[in-house]
Each structure stands twice: as C-alpha cells, then as structure tokens.
C-alpha cells in the first residue's frame, strides 16, 4: 500500500538505479507513468505503468443506453475526441443498418479532420516542449484554440462535442460557417511557415529528433504500430484510404510517408498530415452547399431503442493511429460489450518499452510524445 | 589635485573613509544586483511572453514570487546540508556581485580581481550540488550532475576567453579593464578589440546562464527541473534570488569584459539588460541539446573561436 | 509550405526569423469570459411555463444528475398532463451532453451560454440547482443549445392507423380501424418516454407506461398482465375508450400523442384469448369468502366491480335486463367502433372467473330491490343512462321523433327499425355521432345514399364529440351544421317532415348557466323523415321502488354517493354512468372503487364479532 | 481495500473552529501591514502543480498558453509538488491516482490550495458508477474552490483562479489548515478507500504539532489505526523484469536483422 | 482479391475442423473456430495469408452460456481485409493459450483481458497487473461484478441542501423523485 517515496530510500550501492517518470511529471503525456532502470544516462529497461486514468469505460457503457453512451465515448481520448464519437456511431449504425444521410457524412469528415489538425498542433507543441522549446507549444495550443472556436460554434462544445449521434449528427452548420472555416484554414496555412522556421528547420530540433526512437518497418508491423507512426516507417497505409468509411473514398488526399521511422520522421509525417487535412476540409467546405437534405436519419426514441443482436468491428483513423470499436449487442437497449482498441495501447506500452531500451534519459519523453501516445486510451 | 593630495595627508581619516565605503559597497552592491536581477527576471519572462505571442507577467511578478516563497508557512527541509547548500548558492553570487565593478563602486573589485570572481561563480553550483545531494531525489542528482558537466563544458571556453581578455588588457583587475576600455570610447571596447573572444564569451554566457540550447540541467520534461525538484518554500525562494544574482552577474561580467563597463548607472544597466536579453531570446527559439552534444559543442566551436581570438590577441 | 526532407539538417537562422514576433501584438484575449457561441452547451435553463414535470430529462440523463422536485404553487392538472414537478440538476454529475434538451417533450429545457460558476467548499450546495428561465445566477444569458428540429429526439409522428376508406366503410358495420400490426405497434410503443402522465390522467390509472414498455419489449403477455391490473374491459377500452391518457401524453404537447388506446387494442388482440383468461385469473383468491353481492346491470361498472369482487373470493351475481351483457357498450356503441365479438371476449373473461350473470332479469319487475337487500350482503346499482333526454321543442313528442339511445339499442339488439330516407339529428356528442353514422350505414344499405343532417348547439370548436368522429362522419356524407338551436319539429301530413333551427348567439349566460340565446333571423329548415334527439341521457331509476327512492339521497336528479360510490344506505352502492356520466373508462374506475369499498365493508363485517 | 470492516466510518465534518492562534489578528500595525503584503504576494504569485489527473487537464494548456495566458495573473505551472501552491484536480481521480494526489498534497508546502475542476470532483460526475474513480474530492482533502463544468472552459478556469486570488488576498483561502486540524476525518476516508494499513510518507500529525495547527480532531480513531499499522519506510519496489524485456528485445532485433 | 481469400479459407476447412466462415461485408470476414484450432488458424493467417496485423483481441463474457468469447481481429495490409476470428472457451476455469508467439501485440491484449476478465493465457509473456495494480476485487469486466454496488459500498454522495430546497420544503414541496428511482442508465431488475 505504501506508495513510492524517494526521500527515505537508500538504494543499495550500484551503478544501476531506477527512476519514475510520472505520473506527476511534465515529460509524460497525461497521467501515466513510465518506470526506468538506468545506468548513468542510459536506459536499460523501461516499464509502462498505466491505470491512473482508468475509469472502466467498457463497464460503464454496458450499463447505459446506446445513446447515453454518446456522452461518454469522447472522454476516452481527450486530445482527439471526435474519432471516438464517430467510430462508436459507425458501430451502432452498422449494427442497426442505419443509412447516414450524405450531408451528415460530410459534416463528420469535416469534424474529424478539424480534430486531427487540432490534435497534431497539440502534439507538435508537446513534442517541442520535451526538447526544451516551449514557444511552439504556446503557438500550437493557441492556434488549436481557433479550431476549438469552430467546434464550439459547430457543435456547442469546445472539447467534448457529442455532435454525432447514430444516424447522423445533431446540428446543422450555422450560417456562414464555411466561410469562417476557410478563414481559419487560411490563417493556419499562413502560420505553417512560422512553425517551419521555428521547429522543422531548426537545426537543434532536427538534431534532437533525428535518429531518436527509430522503428523499422518490420518492427512496426511486428509491434502493431499504426497511424502516423507506421507511415513514418514507410508503409503507405491509412484506414481512411484502405478501409474507407464515411465519404473518404470520394476525397482527394495524399498519404504522407517517411522511411526512417524515427521521431523526426514521425514529426514530419504529422506536419504534412496537417496540410492534407486542410486540403480535405477545403473539399468538404466546397462540397457542403451542394448537399441539401437531412443531417440525421430517423432514429427511435433513445429510451426505447433495441439494437439488433450482433457484433461489429469498426475502425477509423484517428490522429494517433488505428482506432477501433468492437461492439456486441444482445438485442437489448444497452451494449452487451464494447471494446475500444486505441492506437496508444500499442504505442504507449509495448512500443515505448521497446524504444526506451538503450536510449538516453533525455529522449524518453521525446519518444513518448513523438509516438503521440495518449494514456486515457490505454487506461479506458 | 590639490585637495586630493591634501586628503592623502590625513591617512587615518582616509583609511576610515575607505573602510566605510567598502562596507557600504558590500551592502549596497548585492541590493542593487538584486533589484536589477528582479528586472532581468521580469525581462526574461516578458521576452518569452512576447515571442510566445502573449502578455506575460505583471511588473512586480518576480518580487511577489520571492516574497510568496519566503512566506510559506510550512517548509520542507532535507537537513542541514540542504540548507547550507542554498546559502552557498546565494552566497557565492552575492560575493561575486560585490567583486564586480559598477559605476561608482569598485572598491571591492579593486581588491578582488577576475580570478576571485570566477572562483565565486563556481561556488553556487557546488553549493547546489551539496544541497541537492541531500534531498536524495534522483531527478535532482541527475540534474546536478548535469549542471556540473555543463560547468565543465562552458568553463573551457570561458577560461580561454578570460585568459585572452586578461592577456589583452594585461591585467586581471576588472577596474583596470574598464578604465582601459572607456579610455577610447567604443573603439577600445573589448568587443571591438577582440570580436572572436566576445563571440566565444557569448556562448559561454549562454551556458553559464543555463539557457537553451544549453538548458540541460533544468530540463523539466526529462528530470522535472533537476536540482530544483525537491526545493520548496524558502529554498526555492533562495534559488529565485540566486537566479536574480546569476543573471545580473553574467550580464555585468560580460559588460565589464567586452562592453566597457558602465560610464554611469544608466548606460551600465542598459548594457546589462541588452546583453542578457540575447541569451534569453535565443533560449526561446531553440530546444536544448543533449548533454554530450552540449559538451561536444562547447569544446569545439567556442573553444576554437576562443583560441583563434587568443591568437589574434597575442599578435 | 515547402517540403522538408528527412535528410535536411535545418539551420540556425530560421528560428531567429521568429524574432519578428517582437514586433507583433500578442493574441491574448482580454481577461473575463468571452461570449459563448450560439449553440453553446452552458448551464441549464428551464421555462417553467412550458415544463410539465414529466421527468423525461431525468430518464435520459446518463449520470443520474436530475432530481425531480415538487414545487408547491405551480399548476398541477393530471387531465392535461401537468405536474408540479421541476427538474433540479446536480452539477456534480452533469456532463452537459444536452440529451435532456433533445429529448424534452415540451422543449422547455435549454442550455444557456453562461458557463462560469465557481464556489467555495462550504458553498457546494450551489452545485445543486433548480433551473428556471433566469439561469443559474439570475443574470440573463441568451439561450445556447436549445430544442431544434435537427436535434429533436422525440418522435412526434404517430404511426398511421389503417382504416377503411369512407366509401367502403359506409357500406358495412365492420370495424373501421384495422389495428396496428406488430411492427407498427413496436414503433409506436417505442415513442413512449415513460413519463406516466397517462397513468395519472386515466380515471382508472391504468399502467400504460408499463404495458407500452412491455409491448416494445415484445412481451405481449406482460402487457396484458399490466392491463388487467386495472381494467377488465380491456378489449372495450382498447377500442372505444375516451383516451384521456392521450390528452395528457407529454409527447402530445408538440406532436401526436402516443396511440395508447390502439396499443392496448393491439396487445389484447395479439394474445391468445385463452392465455388472456389465464392472465386475468392470476392473483385470484383461492378461498371463498361466503359473502354474496348482487350487481344490477351488466355494464362496465357493474362487471368491473363483479370482476374485482370475484377475484377477492366473493360470490357475485349480476342481474341484467337485456339479453346480453355489456350495457351501453353493447347497446349504445355501434359495431363499426366496437365489434360485438370483442365485447363478448371481455365478458367471457369476466364470467370465466365465476361471475354469474342472469340475463333478461329486470330488477323492479322480475324481482325487487328489497329482495336483493335481503338475499345479498351488498348490492351495487350500475344501471347506466338509458333514458334519452328530449329537447322539448314543439313536436318533440311526435312518433317520428326518436331518442338516439333507443334507436341504437334497437339496432344493436337486431330489432328491425324503419330506416328513414332522410334524417335530422340533434346533438353534438358522441352518441349523436353514433346514431348519425349508424343511420348513414343503414341508409346506404337500404337506399344507396346518405341523407342526414346533424345540428348542434355548439360551434365546431366546442363539439363534445371527438374530432375524429366529426371528420369521419363528414367523410361518410353527413352534413354537419354547428351552432344551430332546434326550434320546432315540422310536420307534414302527420309525419315528421323536418326541423326548424335558429342560429345560436351564445349557449351560456354570463353567469355560466345553460341559457342559449338564438338569432331568429338566421332560420333554417332541415328536411327529414326522422328527427333523432341525442342531447343527453338520464338513468331510469324506476326500478328502485318508491320506498327506496325516498330513503336515498339525491342531488340534482342524480343518486348521491360518497367518494367510494356508496349511497347513504350501507348495503347499497351505485356505480357507472348513472353516477359519473357516460364514459366507459370512468365506469371501470368506478367499478374498482365500489368493489374496493364493498370488499372493505365485507371484510369488516366478517371480522366483526 | 479488503479491510473496510476494520475502518470506522468517518463522522460528519466538524465545524472549523474559529479564533485559532495562528489566524488571530496581530495588534502591531507594522505586522499587520506585513501580513497584508504577504497575503498580497501570495495571491499574486501562484505556482500550479503540473499534474493532469483527469480529462479537464486538456483545457489547462489553453488557459496557460497564449490565448488566455494565466501568467498575467501570476500563475505559472511548476513540475514538482514541493514548489507548487495550487493542486488542480482536473476532473475524475481514479483510486490509483488519488493515492498519488494525496501524497502530492501532503508534500506541498503550506499555504496550499486545492481546486476541484469539473463535475467529477464534486459528486462523481459521469463516472459515478465506476468502480475505479473516487467520487467526492473533499472527503480526502480540503478543497478551496470548485469550478463547475465538464470540462470548464479556460475562461471559467481563469475566473475560478481569480476567485481564489481574491480569497487568498482577503485571507479566506485557508482550507489547508483544515487538513491538519481534522486530519482524522480525512485519514478515515482515505483508509476506507485504500485499506486500514494506508499510510503516507509525510507525518502530518507531527507537522500539525510543529506548526501549531493541532486541532481537537487531528487525532482520533483513524490516526490510532495509522499508528497501529505504522511500519518503517521501505525502499520502492519496482519489479522491472529485465530478462523478459531483454528477451523480447533480442527477438525483435533478430526479426529486424533477419529482414 | 477478396474472393481468393474466401476460396483460400475454404481450402482451410479441409485442414482444420470446426471452421465457419461468413463474409459480413466487403472487407470483413467472420470466422468461427473451435478453441483448439485457433492458434493453427492464426498461424496460417499470419504466415500464409499476410494477416500480419493483430488489431485487437476482444473478450466477451457470455455469462449465461458460461463462456468467454475471444475475438481476434486480424488485418492484412495486402488483401485489405479484416478477419475476426471468434472462439469460445469455458468460463471456468478460464484458461487459454497465448498467441504471443504469433502476434507480439497479443501481449498487451492478453494482459488486459487477464486483468479485466481473469482469463489466464498460457504462455503469455507477462500477465502481471497493469492498469488495476491497486485493485484486489474480482476482475471488474466480468458480468457478475456489480460496479454500482461496489461504489455504493465504498463512497458516499453529496448531501446537497441548498436554500431553495429548504424554502420549497417549508412550503410543502421538496424532492419528489430522486434520480435513482427513474433512470435508464443501469440494467433494471426486471430485465435480468
């Protein structure tokens, strides 16, 4: 029962020692812990310690109505909540056989991509901060806030939007929203050179990031790495393109890849993904006015909604990687079982443990942030 | 001249006056350094804020921080050595600032000289090492070992620079150096006379102040601010005071060596603020190097520049 | 944005370009909260005038954050579906998902654009708020997330009921509505938000939320079980109930109320009759009390009382003057609304429990009340309203002027009646509609055309008949004239030739008394071979006999009873239409009340020394 | 957690006694001015512990960074509990986190302030059915201010902090004293959740004595239990199974080289 | 390409007993397999059909049937198809074989399932506590663990009594329906 206490510790004389990073540590993303065994500055072994954010989501969801669960799903991954909402809705729609109106699908795409940009801006700052540069963090979060403003207007909430509902979305866009999205995107695009100047062409940052925590493609496949981290190893795979959902097969976008698979490659992939997301949103903004029609198909009264028995596995591409829900219904008004597969379940645990071995203590935080590991996804 | 020689006659009185002056200096100079240091800390935070596109702290923020920290009602001490370490940390800088000649007060500087000053600036690191070691926090230990490594790293160019400067002026007395520089206006400034050494000195200053890219021993994301990790209340307050002195010492030393010291307080402080603004600004746009990178860098470029500078100086 | 290669080393000058930010203004927002967006989900607002206290928000709240609080002084009206409950919200639970807004049946709940609330530990009570239209701190903030058609989760559309087309149904007496199929019933049942307003509004407090839920779950037997908790006339009420529940239904505040009556009809029809009998018998006492109860009149009230009393182990005999049971349901409601075979099922279930019905036994003629008093421990009068009232206009006593109840009874009993070629009906209630449409069918069958005029005192907005009835009657070719006051029956050659009416100025005088005033200038003649008066009924109390009539207390022509349906004589109860006025479900409720009272009386008697 | 039966149920919170020595007004006018100055400095300089306990933490970066710039109010993040004044509990605390939070809280130097953000710190929030999260924060430590929302926007957070600043300046934010004075109550709730043998490295009772914050409810049935279970501090057991990790590493290395 | 896959899987039927293949959509394949044949099937999927990515292992507690259902979601980057392999094992004693030697990511999922459901995976590298290190109750994701009962046993709730409520109570009003009486956020008794 006694928690760690360094003050009283008297370690046996040894060149090895152990060090806790987290849960209360700025080098850790969120409330998470990573225990290190070190020899000097060099990590001999690392061990992830999760559960600080455990809420028992899957248990809670078994006790709530299908629609009540909407409010809880985005909480699973705080920095990038939209894919959680959307994928849960996709799962319920799949089980019920609901056909989502096209306008709603495009709105979802817009929301997803805005969220992806926001998450990437967030993680840029975090990644830079782990190397001691705080300015990108301040910028990134301030620029991300402009996207949150858009979210607030679109969905009524800044962070937790609860905008999706099985069958569609809950609100149509306010007037003139497309224009404001375009303005924000223009602004963000005008800011990207600043980020390049500050971060991506910064010799010191490049020096720090290049070669840090490299993953080969073989290892990536072996360890179940997904998302930008996988693309940074050179594999051109994106759920949006290769297992398309919503209307991604009607959109034009590139899938950026880098071969070396180190922290620098991962940062570069994210940097280019922002550009691609902006491109996607511009297509959506151009397309939306041509799509009249409902934003939600008729759904039953939430208090009396039995979802047909069955199971489904829906995957989406979140900003961190492959996100999937396995939802089982026994034909009742509540899910029989939900299981969420967050990309960070691999990245923050096995991959991080593997990459930590042999690296320097300086790089542990950078590796974690460059993997964009999101602890609440692990804990659930 | 007459009244000067007349005063010399009364040797006893002169000695008395001299002693009084020294005591006054001893008390005034740290106070001035502290106040100027508060301003420097504020400038540091304001520069950060500006580059980060925000407003930043109010004017007296550094002062409130220090008062608040000292007014903590419970204090966690890790033993006598811990407390002594902090005292050493502040004391070293207090001693150092008294050895810095400032406009109107150079009596102690006359006595001390550059070597004594350099020696004094080493003490805080050692004191911190003592104090932090007592805390038994591995983050602190790593931090202080990094700080000592960093000291090793930046001391090489720094010693070279100081050697070169001393060679140039032919003296280790800072008062003499200032006098020599002020003799011919800007043209006789160390910076103009020894540009390479001034450049190397700027590197060393960056390292000495521990700013990015050489911020390895604070490194919040890695070792949770290293030496400060176990410091709270008056201990942290002590470190905040130390930071004031540190910024002031670094800036004033550079101004003394290369920018001709201060003709009067206005220009002196102006120069100090300008000089310290440079590392502060650079710190905001660069990340930190790894320890080994930092050592490698310091032993390579500033050292080479410094050596080249010495070569020029010796010519 | 230029591409960066992985091999690029970057530079040291690039970062220094950002020194230009020294010259740029900060982007920091001023201190103090910014106004939130138009859709913002801030603190709750609740329009108390719109809120009906249905507690749907409480049900949909996933965090159990909502408590329903009784606020004295607010309007409370079960019949209209308004409770004096208001939601109080626990901000220690709320997650601002706004599902309460989206599912609010009335649209009273909204979220404001206010979002700042802080408090000390000692003020934590302020996290539990009773939102009203003024918001959490009493400062006006505009609405944020509010009810919108996009987000509305209340299903406002009712499942359409299949009906015979007017041209088809006018040809026959088959039931007009087809009833829901399984899928329709499921969807319709799923609309229910389980507020229980229907339960409160129903005279007999049927467990409608429960049986609707059971239907939705596919547990039809469970639904029947829930129905039989309070209503043995389930088939009947599934068809001809006045469905006050639907008036009170919270979904009906903005959309079509749940078709509670049709759902009951569906559940009853969908379960096998034999199984219904078993379910109805559940919970029946397995002993015999030895007490005997006589019930005069086998209508809904009497038989409900009989049903309850039999289940409690008493011996019940029902005395019915007509040849068949069901009372006014059988003899007053035409077959196209209430098929006789369904009524037979209800009766079958009741008799299967052991209720004895003696048909063709007219009390007062075949046996006297005194004898009943002597032979039984308790007697219930449930004789209904069988005497049609007359307008008493000149000529109303002619043979060609009939009372609606008499005609309807004759049709239902299969007695031959003379179908007029054209007819005028006086009255705007459901009975008037029934006779009108019955005659219309007979005319159609006999003459191939409908020639009926219906006149009523009330204007169309205040008709007592259901709107559906009026619409359907019109579809069937009936001419409906509102605000007409009958003045005289016109005669030609000793035969009724029509009705003369004046336009109505007002029905009630300023004191609210019934005193119609007419506009003589607005005179119309409605030709017709037959004039039917359908302006109300009264009970035929001749069976009581003079002595008993004297002994009983009367109030404005009605037998006076206490809240339990008991008269001033301890052995005599009265129930049903004769006490409550014409309404099936009220009669059922009355039957329960009387049965309870009798049971209590008999139990006390038993325990008395 | 198995020892609930051994733990007496904590009683209702006692009222905080008024007029305790430490809080009494000083008569010396200079001392009063000095007190004012200190309180002002305390209110204008707040170090916030950089600890994201829950999802509300995601609105703190915006509040700290350029858009809403907390530093205007003299608030800046600090990484170590020793340095911090404010412990922001940003939303739900899982039981596992709560232990660390309590440790952290006890390690902080007084005066220290706890801010409960989001619904979850008040009454369980949306995780009220969860076996893994604590429900009422003020059962385990005294809370100075609550900020409503799920999660509160940065502006709301800043408004809450301004409220706290005002309370500190006027001397109303002294909930931390309550932890010493009613340690038994808080310890009791902690024991109820963590088990009867729960203890922390900070000797709160001794601190209360030392700083003259000892109250009648500092000691009680639960502190007695604490003493009963007291055992010497022991070294951290981390159990990093290196052989297994090395085995995995070597395996992946082989795979990598095989390619 | 996907048709090839089905035919290929059909040929597998000859090799392994008890396989039932059903295509649920263009890129989804549902395979039911007996528990003893699963490792062999996964070996084949990974080795011969390029299903190198184990997306997740899900566990479902079918308490009424007394079984745990384990679902292995495997994705092929080449065929671009997801195969969900379902298998059932008895709930008691809840022991199964690890597939860690086939799929490395299985280590995490097996550890997670062991923690949440109490299923023991023979041969998994590390089944030590991970998320619930400080939990000594039953595996919480099992259907027979009642989270809410546990919560009510360990925690109290706020006892609000604000002024407006006192006022209402003085006037004869007050709390009429507490939230727990009417809510849909828990399986109610009548359903179980």
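For clarity, chains are labelled A, B, C, D and E in written order, and residue numbers in each chain start from 1.
Quick note on the criterion: a contact is a pair of C-beta atoms (placed from the backbone, for glycine too) under 8 Å apart; a residue touches a chain by one contact, two chains touch by 3 or more.
Note that the structure is predicted; figures quoted are calculated from it, not measured.
With chains reduced to the mean position of their C-alpha atoms, the one farthest from chain A is C. Summarising the inter-chain layout, the chain whose CA centre lies farthest from the centre of chain E is B. Closest to the middle of the protein, by Cα centroid, lies chain A. A comparison of the A-C and B-C interfaces places the larger number of contacting C-beta pairs at A-C.
As a whole-number value, the distance joining the C-alpha centres of chain C and chain E reads 47 Å.
In this assembly, the C-alpha centroid of chain C lies 58 Å from the C-alpha centroid of chain D. Chain centres here are Cα averages; for chain B and chain E they lie 61 Å apart. If you average the Cα atoms of chain A and of chain E, the two centres end up 22 Å apart. The residues of chain A that reach two or more other chains are 6-7, 9, 18, 25-26, 51, 54, 56, 59-60, 63-65, 68, 71-72, 135, 138-139, 142, 160, 198, 202, 204-205, 207, 222-223, 303, 379, listed in rising order. Among the residues of chain B, those in touch with two or more other chains are 49, 51-55, 220, 224, 285-286.
Touching of two or more other chains is recorded for residues 104, 132-134, 140, 145, 147-148, 158, 184-186 of chain E.
Of all possible chain pairs, those that touch are A-B, A-C, A-D, A-E, B-C, B-D, C-D, C-E, D-E. The part of chain A that touches chain D in the complex is made up of residues 1-11, 18, 20, 23-26, 30-31, 35, 37, 44-47, 51-56, 59-60, 63, 71-72, 75, 78-79, 122, 125, 137-139, 141-142, 144-145, 148, 158-160, 216, 218-219, 222-223, 353-354, 357, 376, 379. Looking at the complex, you find that chain E touches chain D at residues 104, 125-126, 128, 132-137, 140, 145, 147-148, 150-151, 153-158, 185-186. Per the touch definition, chain A reaches chain C in the complex via residues 64-65, 67-72, 135, 142, 149, 152-157, 160, 162, 170-172, 174, 189, 192-194, 196-198, 200-207, 210, 258-260, 264-265, 268, 271-272, 275, 295-296, 298-306.
Residues of chain D that touch chain C in their complex: 66-69, 72-73, 119, 121-126, 128, 138, 142-150, 152-153, 155-156, 158-160, 162-163, 167, 172, 175.
The residues of chain C lying in touch with chain B in their complex are 15-16, 18-19, 21-22, 24, 26-28.
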